[in-house]
Structure formats: C-alpha cells, structure tokens
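Listed after this line are the structures, all set down as structure tokens.
Here come two complexes built around chain A, the first alongside chain B, the second alongside chain C.
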Partner chain A sequence: MVLIALAFAVFASALPGFTTPFSLFAIGRQIGIDTMIGLAMMAVIVTGGLDLSVGAIGVSAAMVFGWLCERLGLPLAVSIPGALLFGALLGAINGYTVVRSGVHSFIITLASMSIFFGVMIFLTKAEAFRGLPPEVAGLGRLKLGGKVSALLAVSLAACVALSVFYRFTTLGRRMLAAGANPRAAEISGVRTGRMIIACHALTGALAALAGLMVTARTGAAVPSMAGQLGQDWLLPAFLAPVLGGTLLSGGRVAVFGTLLGAAFVNVITSGLLQLRVGEFWIQACLGLILLAAVLADRGRHTILRRRGLV
Partner chain B sequence: MNDSKLTRAFDNDWIGPALVSLVAIAAISALQPSFLSSFNILVLLSAIAVNMLIALGQLVIIAVGQMNLALGSIGGLVAISFAAMMEIWHLPPLVAMGGGLAIGVIAGMASGFVIARTGISAFIITLAGLQIFKGINLGITEAQPFYGVPQSVKDFGNVALAGPIPWLVLPMVAAAVFMWVLFNRLRIGRYILAIGGNRNAAELSGINLDTTVIWAHALSGLLAAGAGMMLVARLQIGHPAIGEDWLISSFAAPVIGGAILSGGHVSVVGTFFGVVIIAIITQALVLFAIDPFVVQIVLGALILWAVGINRLREMRVARAKA
Partner chain C sequence: MTAALEVLHASKSFPGVKALDDVSLTLQPGSIHALLGENGAGKSTLIKIVTGLHRPDAGEVRLNGQAVGFANPRQAVAAGIGAVHQERNLVTRFSIGENIMLERLGAHALSPIDYGQIHAEAAKWLALLDLYIDPRRPVSSLSVAQMQLVEIGKALALQTRVLLLDEPTASLTPNESQVLFGILRRLRDDGVAIVFVSHKLEEVFDLCDTVTVLRDGRNACSGVPLKDLDRQAVVKMMIGRDERIAKRAPRPRAETAPYLELKNVATSAGHRDISFSVRPGEIIGLYGLVGAGRSELAKAILGQIRRTGGEIRVAGKPAAIASPADALHKYGIGYVSEDRKQEGLILLHSVLGNAGITVWRRLSNALGFLRDRTIIDHTAPVLRQLEVKTPSVYQTIGNLSGGNQQKVSVAKWIAAGVKLLIIDEPTVGIDIKTKAYLHDLIHDLAEQGTAILLITSDMPEMVDVADHILVMSGFAIKGEVENDRNYERVSQAIMGFIHDNASTGAAA
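And now, the complex of A and B:
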C-alpha cells in the first residue's frame, strides 16, 4: 500500500499528464481487469495448485458470450451467466482431471490450455464477434462519478464478495482448509477432492468474468485478446496475487492484496510508459518486479520465523 | 509369470512411443506416399533436430524435479544475440556461436542460482525469467528481425549432409548422446536424478543441492541456446518471436517419453521418440491440409494421454513393490 502511494506520488509529480481524468480512467480500467485475472488465479492457488489455462478459459468464455449474444440473439441477462457457467465448466473439467489423475495441475492445465485454445480457434475460425449490443462497449466506457471505470467497480465488488466468501461461508473455509493441509482437512470431514474441483470451477468462472471485462473494453470478442494460447494473461495472473501476499503453497488468500498488487503493477507500468521507457523494456521490468516481490516475501518470512512468529 | 520378459520390455520407457512412431509412419506413408519423399524426410528431420534440443533442455529440469518456463525466452534471446553479433559486429559464425552458448549458460545459471539460493518455486522464478529475457529480447530488437545472417549459417540449417539427412542432425546427435551419458554414466547426472527422486535423501547422502540445481539450469540454458541458434540457421533470420511456442512441446516430448514430472525419472531415448511423434503428427496434419490449430488440440490431448499412461505404469510398479 505504501509502495503504491509512493510510486503514484513520484509519477504524479514527474509527469503533468499522469493525473488527468483520462489517464486515471485508463489505469483504473486496466487495474480492474488485472485484478479479476489475479483473483481467478488466486482461487486455484488456494489449493496449492495453479492454472495455466486462465487465459484460454477467459477467451473461450468471451467467445461463447459473443456467440450467445450475436448469433443466438439472446439478451445479456442470459448470455453473461451463460458465459460464466461455461468458464466454470471448463475449470471444473481441469479440477476433475487433476483430482482423478493425481497429476500436478501444472501439466494438466498446460495440456488443457492448448486444448481449450485450439478448440476455440477451430470453432471461431479466429474471427471476432463485433456485432455485440452497444451496452457491452458502453460498460467499458462507463465512468462512475466522472473518473472511476465501471470495470474497476466490478472488480471491487468481486473482491468484497470473495472476502466474505472465504471468511464467512462454510464452502470458502473448507477450500482454504483443503489447501492449507489436505490430510487434516480430510480427517475433519472435508471432501478434499470436491473442494479442489470447486476451486478450479471458481477460477474458471472468474477467468470468464475477466474475459467479459476485456470484451467490454474492446467492444468486441476477439480470439487473440490474450495472446497465443492465452499466455499474455499468465504474468498478471501470478503477479497480482503474489505481490498481494497470497501463499503459493496454498491455504491463504489475500483478496484485497490482489487488488493492491494489480494496482501497483499498473501504476508502475503506465508511469514507465509515460516516461517513454519504451514498451518493450517494460516486460523486462515486470519480470524484475515479480522477482523482487517474491524475494521480499521470502525475506519477510525469514524475519518472521526468526522471531518465532510463524 | 511367463510373460515377464514381455512385461519388462514394455516397462522400458521408450518402447511404447517407439511403437507408436513406427505405426504412425507406416499408416501415414500408406495414405500419402509423399510422406517418405526425401524432401519431406529432410524437413521432418530438421524439425526433430531442433525440437530434440528444446525437449532435452526441459528434460534436465524435469529430472531435478522442477520446471523451466524461461526455456523459450532464453532460446529467443540467444537467437537474436547470435544474429546480432554476426550482423552488427561482423563476428565470424563460430565466435558468435560461442557467445550465444555463453549467454544461454549464464541465463540458465542465473535462474538456477536464484532458485537454489532462495528456495522459491522454480515456476515463479522462471516465469519472472521468461519476462526478463523476453523483455531484453524485445528491447534490443524492437520486434524487428535481424536479416544479416551469413550464408554459411543459412546453409547449415538448410542443406543436406548426405541424402535426406540435414546438417542440423549433428548437434542433435551430439546433444542426445551427451545427455544419455550424463544421466547414465556421469556423477552430476546421477546427482540430478537423485535430487529429483528424493530431495532429503539426496541431501543427507552429501549431494550439494545448490550446485547441482545450478548446473542443471546451466545445462538447460545451453541446450536452449543451441536450439535457438539452430532455428536462426533454419529460418535464415534472427526472429524475435523464436522461442514463443516452445512451452507446450518442450513438456509434451519428455512426458510422452515417460518422464515423471515430480522428477528423478527421465528417458533420453523416450524423449527422442516423443519428439518424433510430435513431428510426425504436425507434419501429417500439414500434408493432409488439416487446420493448423488442430495441432494445438492434438498436442494437449497427447500430453494428457501420456500422463495417463505414465500414471498407470507408476501404479503398477507401486503394486508390484507392495
């Protein structure tokens, strides 16, 4: 949090254009999307696993949304839940395969990333759905109170919902328990396998939501919106939760931390962009930030352990 | 059991993939005789040669029980550095090659060093590495390829050594033989497998974990560098996109070849047949004019299938021991 304020202050003073409403709006919108991608990955990191296919699921769900809206002419009230359900289904397939095969989710989702994306491209013939209802693009442009992107508001709402979910509902607590110590959870009556499938399904639904948000931003469902195989989402997906303090070994979440992580990354990225660092070098910077973040996290743990607090 | 000999033969990692390769070759060449034309074999062998180095680069990391997401970005960085050294500094190809290999080793060692020293999961470190190396690549090239590749290098990637066998097969054979010797005869190879098999036992028996992990990553970087430069020779340009699509196939081939992802068990010969199967399938889809995106689906399905088979074999071994 301190870091974000600091970075923001530095860029705001160095760049006169940084705090214009448009710039803030654009940054906020991107933070909203990255937060959602990060939350999607966080939901599966809870189990100590990971999901390489978030990008592929997100794009596939967005394409399903485009198909429902444009080809079948269904109203948004049907096609949005339809796309989210579809994402959850793809996630559940991942989870089911992971649980039944006992193979690490890395390799399962590596395979499913390539399958989902391949099927999606095959069915859509790599063509975008551009005739979406105007409300979709409208949502992407909507500014609440003149400055704040509606997409950021969607992510904020998701953060609140997820915090309540993990803290106060039985299902959420069981998910965390299954991730923290599967054997102990199993003994105390949690069906660990089902929890893992549920976590993967949640990841799928959140990835689908992120896909829809990107669709709202561009105003069209484009097959290449997450890059080849959806790989472009991988870095934001891990960067935000890890910066936010989610443990990769599972069992602990940091929902608002993920939001802050995404905010931090985007403030730095757009700051560097406006400083004309050159967009190509920014990739390298993001890699360095991730590295620095995990090192800092490790350092914090070592200090805590030395003081006997963990 | 009277079929024990047969069972033991099928327990060899590479028998299954080898049979699949043979059946696939027979079936495809029966349907499409041009599959065995000498030009097609040349293309096929070139693809196999490059992909074998990529797969071996991942294999050595799988052996130690980790994963390397940065493999492709190291290969890409070396590829463009190799081309740049020849175009801008006019270095002779052999010197540039040495420079390229050195970059690969250093990049790999850097990943290995951070992983070994901090104990953070290799996944995260190599994801960061992927971004850093890719960013440097794009920062240098600004997404523009280097075209000034000398004729000798182009020839190496495109001319046949004898009949339908390309020059590119030479580095592949060298790398494969070296890796086989490494895992079966050399101490460092056994250390790598020991750490992948049982980290604690390996440490207790006096193996230096840090050094071994760093060496494994250095070797992975070396192989990625080799593959990157072979692609420069084959494509005749130093393209910044080299390495972007290595991730899936680098895992698919070792897994098809029977490698166990938790580490400690790999097969160089099996990996070779894994590479062959992937190359045959890719090539067949091209020959039959099937949508290239189907390749992605097939690759993904192949990984799942191979993982399933490995799992069954593991379970059978476990039952036999019990």
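And now, the complex of A and C:
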C-alpha cells in the first residue's frame, strides 16, 4: 500500500501526463484486468500448485464467447455464463488430471496450455470474432462516475465475492484446509481430491472472466490477445498474488492483496512507459519484482517454519 | 561446584501472552532435573531460550558460569547443549540414519558422505534405545513413537554434557520409557546434566533428583530436591490446589446392538482375524505396545488402509467405507489422530478454523454459508471445558503450547457429534488437571450414547476410562480383559497377554 502510494507520487510529480483523466482511466482498466488474472492464479495457488494454462483458458473462453454470440446469435445473458462455464470445465480437466495422475500441476498445466491453445487455434483458424454486440466494447469504455473503469469495478466486485467465499462458505474453508495440510484435512472428513479439482475449476472460471474483460477492452475476441500460448498473462498472474501475500505453498490467500499487487505493478509499468523506457526494460523490471516477491514468499515461509507452523 | 547451566531471571513475551516472567533454573552436573507445569506454563519456551530458538526479553543464560547467548540451535549444540524439542523436527524425506547424524553431515560441505558409516553409527544409537529398525528407512514410514525414539537417538548421538528433554516420553509406552531411563541414569552417573519435562508424575518421581515448577510463566519453586516433596505438594505447586481423585465405578455392559462390528478382518498392513464390536454408550479400550498395529487398525476402519478379508458392519449393515469423509458423513465415525502435527491440526490456521472443521458441513445453511459466530457457539463449550489457553480463538494454532494444541485436536471431534469416535492417544502431552476433565468429557459422550474406541498406551488412563479392554499385539487381538478398575489385576492381566505373545513369538 505504502509502496503504491510512493510509486504513484514519484511518477505523478515526475510526469505531467501521468495524472490526466485518460491516463488514470487506462491504468485503472489494466489494473482491473491484471487483478482478475491474478485472482485466477491465486485460486489454484491455494492448493500449493499453479496453473500455467490460465492464459490459454482465458483466450479459449473468450473465443467460445465470441462464437456463442456472433455465430449462434445468443444474448449476452447466455453467452457470458456459457464462456465462464467453459473456462471452469477446462480448469476442472486440469484438476482432475492432477489428482488422478499425482503429477505436479506444473507439468500437467504446461501440457494443457499447449493443448488448449492449439485446439483453439485449430478450431478458430486463428480468426478473430469482430462482430460482437456493441455493449461489449461499451463496457470496456464505460466510466463509472466519469472516472473509474467499469472493468476495475468488476474486479473489485470479484474481490469482495472471493473474500466472502473464503471466509464465510464451507467450500472456501475446505479449499484452504485442503491446501494447508491435505492429510489433516482428509482425516477431518474433507475430500481433498475434490477440493483440488474445485480450486482448478475456480481458476478456470476466473481466467475466463479475465478473457472476457480483455475482449471488452479490445471490442473483439482475438486469438492472439494473450500472446503465443497465452504466455503474456503469466507474469501478472504470478506477480499480483505473490506480491499481495498469498503463500506459494498453499493454505493462505490474500484477496485484496492481489488487487494491491496488480495496482503496484501497473503503476510502475505505466510510469516507466511514459518515461519512454524501452519495453524490454519494463519486462526485465517486472521479472526483478517477481523475483523479489518470491524471495519475500520464501522469507514468510522461513518465518512460519521457524515458528513450527508448516 | 559450578552449575552446568543457569537461567537467571528470564522473561519472554509473545503478542498477547507473557510466556515467562522472571524465571530461573539452575542445573547441576550429574543430576536429572524435572521441569514441571501445566499446559502453557512456559516449559518449552524456557528450553527454547536456552537453545537459542527464542531470544529472552530479559535475563541471561550461563553455561559453566559463562554468560552465553545463542543465535540458533546449532551454536547451542556446538557449545555442548543437546535438546529434544516437544515438536518433532525430523526431515521426513531423509532416512533415519541421515536424521540422527544430521548435525555432523554439515561438517565439510563438499566432502563425500560415507553412508555406510552413518547408518552403522545410527544403528548403534537406535539399538541403545531398543529400537531395531533399518536406519536406511525413510522417517516418513515410522509411527509417532518410533519418530520420538529417533529424535531421542539424535540428541544422544551428539554426546553433549547438557541434555534438555521436552516431553520425550509423551508418546512412549512404559516399557520404552524404562529403557530410556536406564540410559539417562547412566549419563547422569557420568556427570551429564539433564532437564526432563513430563506430565507423567510417576516417571518424574522415579527418575529425577530435583524439580523446578512453573506456573503461569513464573517460578512456583526452583531446584528443590524431589525427596523433600510428595505428589500432592508438587501438584499443588503446579495447579494451585489439590489433585481431584475421581475413581469411576465399573459400568454395566450395554445391552444394545453393536454400532460397529468387525468380523475376521484382515488388512494389507498385516492384521489377521480381527473381530470385536462396539455398542452405543460403550467405551472399548485397545491396548498394545508400540508397533502393535492399533492406529493402523483405526485407519483400516476409516478406509485409508485396504481391507483384504472379513467384514465391517455399521449399525447392523455391511459398510463400505472408502475414505474418512465417507466415515464421517455417511456413517458418523470420527477419528482423533495420535499425530497431531501431520494429521490432527492445520497449524497454519486459527484455533477456530481447526476446532470447527468437522462441523462446517453440518452447521452451514442451504447455500453453504457459515458465520464464525455459529462455529464459536458450537465449539466454545468444549474448548472452555478443556481450558484451552489462547489469547483468542483467532490465534494461529501453531503458536499455542503443545498441550493446548492437543486439546483442540481432541475438542474438534468431541464437538463433532459423531456416533462412533475412535480416540487415539488423546492425552499425549496434556497436564494432569485437564486429563481428568478430558476423561469426564469422554464419559459424558458415552453416557449420551456415543460408541467409543479408545486407543491409549497410558495404562492408568486405560484402567480409568475403558469399560472393556482388548489387548493387541503383532497386528492381532490376543485377549480381552473385563475392567473392574482394579489397577493391579487389570494391568497384570493385560501384560500377561502381551508377554504370552512375546514368548510364543520368540519360540517361533
């Protein structure tokens, strides 16, 4: 929090263009999208695993959305839930394979990332859906109260919903228990395998939502919107939750921390962009931040271990 | 004579708790010093201050008259202080041998490790403890008691002049403890200074020379010769009043139909021909030495170990229990694990998050929503009755003292409202006062109609709580003893069955 304020203050004073309404709106919109991507990854980090296929799932779900409303002409009220369900299904496939094979999710989702993306490119012939209903692009441009991006509001709402989910529902609590100590959770009557599948499915649904948000920003569902294999999403996906304080070893989440993490990253990136630092340096800088965040996670882990908590 | 080790006026606070307040402890060479106190009195904290795991807020530690302050346990070992901590600290992926010799593996980072020598050396220390297992086996394959012995072997292998033992006998049976005491007495005669923490007062009077009692983080006494005190005096210093001695009358055998019935059950763990039944309202005890296969039998009932023969019936019908979740949600069967760190608790989560885990499903509304308040209302009575000492229910449970963690790990199942509860070593590390409360709770549960299968290595506990006692040895049931609460008769009958088996086993 302090870091964001600091970074913001530095850039605001150094760059006259930084605090213009348009710039703020664009940053807010990107924070919204990155938060959603980060939340998607967070939902699976809960199990102590990860999901490299978030980008592939997000894009695939966005393409399914495009197909549902453009080709089939279905209303948004059907095609949006349809796309989310599709994302959840892909996630559940990941989860099922992880539980069944006992192989670490890194390997499984590395494979499924290529498979999902490959099949998507094959089916869409790499063509975008550009004839979406105007409401979609409208949402991407919508400014609530004349300032705040509607996409940021969507992510805020998701944060609130997830916080409630992890704190006040049995499913959320069981997910955390299974992530923190699978053996103890199992003995206490939690079906650990099912929980892992459920976590992956939740990741898939959130990734799909992120895909739809990107679609709203561009106004079209484009196969290349997350880069080759959806890899462009990976950096924000890990940066936001880990910076936010979610434990990589599982069992503890920081929902609003993820939002702050995404905010921090975006303030830095757009600040550097406006300073006209090269794209390459920005990537390197984000990589360094990720490294620092992971080291901080190791530090948290060591402290917990010293106190005998893990 | 200079003291081997002195702690002078030590204080230590944690957020919300003053764990130690001006505590002193003086340790003479060639003596075994008991450190006693209720759960949460500060015993483990005091030991951790000596070994450098915690830094005292005030006070100092002196070794052979010299002030020392260790930054980590490794420095303490180098200075000649060995310790067995209350929590297990083994690297479960490593072999037993590697764990025992761990401190010496690091001597030269790059020199090749001679595994043959390491395992031979480790086997020597294990043999001293009467533990004959292959030191090449990974620690993860051991039972809780075996892990405890390995941990003790690891401390002995350091051959230090000061040895701190925090509840080393908590999960051992009397036989294994006696072997350990033999070793400790020899060390004492060699001039080693030993601190011994235990909640089993019989052991303390048997073994120790002097005693320091802590109460709420303060000295109730410091370095008093034990022969000047009797049990009542010690108990009074620990809990501030006399011990309540409740002797329960034998209960008439229930006439109802069995809730759980095992018929000629065999398992992949090696059980043969196990048959017994538990009726609602009945407390069946399962006694046996370490390695008798009792916890494994519990796991077989829960579906975690494969059944290879025979039949399990619940409420009169054949039951197919595939997982603990099945056992709990379909058949109302719960299991209090003896291994609270690995299987009992989620150390990273709060007291509340642990206490309520078994009832989340039952307490939540149709949409799966659940408020903390509901869980607190449901679990608080049991937590209060067991006097769980914590700054708040939101405290991370790993920060509680060992005994208080144990209380929660049992409480979460007492609150679960199951029809059959399998309780595995419930009072490990629990102080004598709470032990009596816990026995009351188990009795109340039975009176309300819960069927109870009690596994314990604590003979007095067995005689005090169980209605009937099954004796298990070598993965088979060797006999059944009617419990008339006559300690002498019952314990001799039990040991008779066990030794019977040992002699036939030796002949075979």
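One rule holds for everything that comes next: the second predicted complex is superposed on the first by the 295 of 310 C-alpha atoms of A that agree within 3 Å, B and C clash if a C-alpha of one lies under 4 Å from a C-alpha of the other, contacts with A are read in each partner's own complex, and residues count from 1 in each chain.
In this text, a contact is a pair of C-beta atoms (placed from the backbone, for glycine too) under 8 Å apart; a residue touches a chain by one contact, two chains touch by 3 or more.
Please read all numbers here as calculations on a predicted model, not as lab measurements.
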item: Partner chain(s) touched by A:103 [first = chain B, second = chain C, both, neither]; value: first
item: Partner chain in contact with A:117 - chain B first, chain C second, else both or neither; value: first
item: First, second, both or neither for A:157, with chain B first and chain C second; value: neither
item: Superposed model, chain A: greater residue contact from chain B or chain C; value: B
item: Touching partner for A:50 - first (chain B), second (chain C), both, neither; value: first
item: Contacts of A:229 with chain B and chain C, given as first, second, both or neither; value: first
item: Touching partner for A:298 - first (chain B), second (chain C), both, neither; value: first
item: First, second, both or neither for A:185, with chain B first and chain C second; value: second
item: Interface residues of chain A shared between complexes with chain B and chain C; value: none
item: Of all residues in chain A, those that touch chain B in their complex; value: 50, 97, 101-104, 106-108, 110-115, 117-119, 121-122, 126, 228-229, 231, 234-235, 238, 242, 248, 278, 280-288, 290-291, 294-295, 298
item: Touch list for chain B against partner chain A, complex; value: 67, 114, 118-121, 123-125, 127-136, 138-139, 142-143, 244-245, 247-248, 251, 255, 261-262, 291, 293-301, 303-304, 307-308, 311
item: Footprint of chain C on chain A - complex, ascending; value: 168-171, 173-174, 176-177, 180-181, 183-191, 247, 251-252, 304, 306-310
item: Residues on chain C engaged by chain A in the complex (per definition of touch); value: 53, 87, 302, 323-325, 327-329, 334-335, 337, 342-349, 353, 357-358, 360-361, 364, 367-371, 396, 398-399, 412
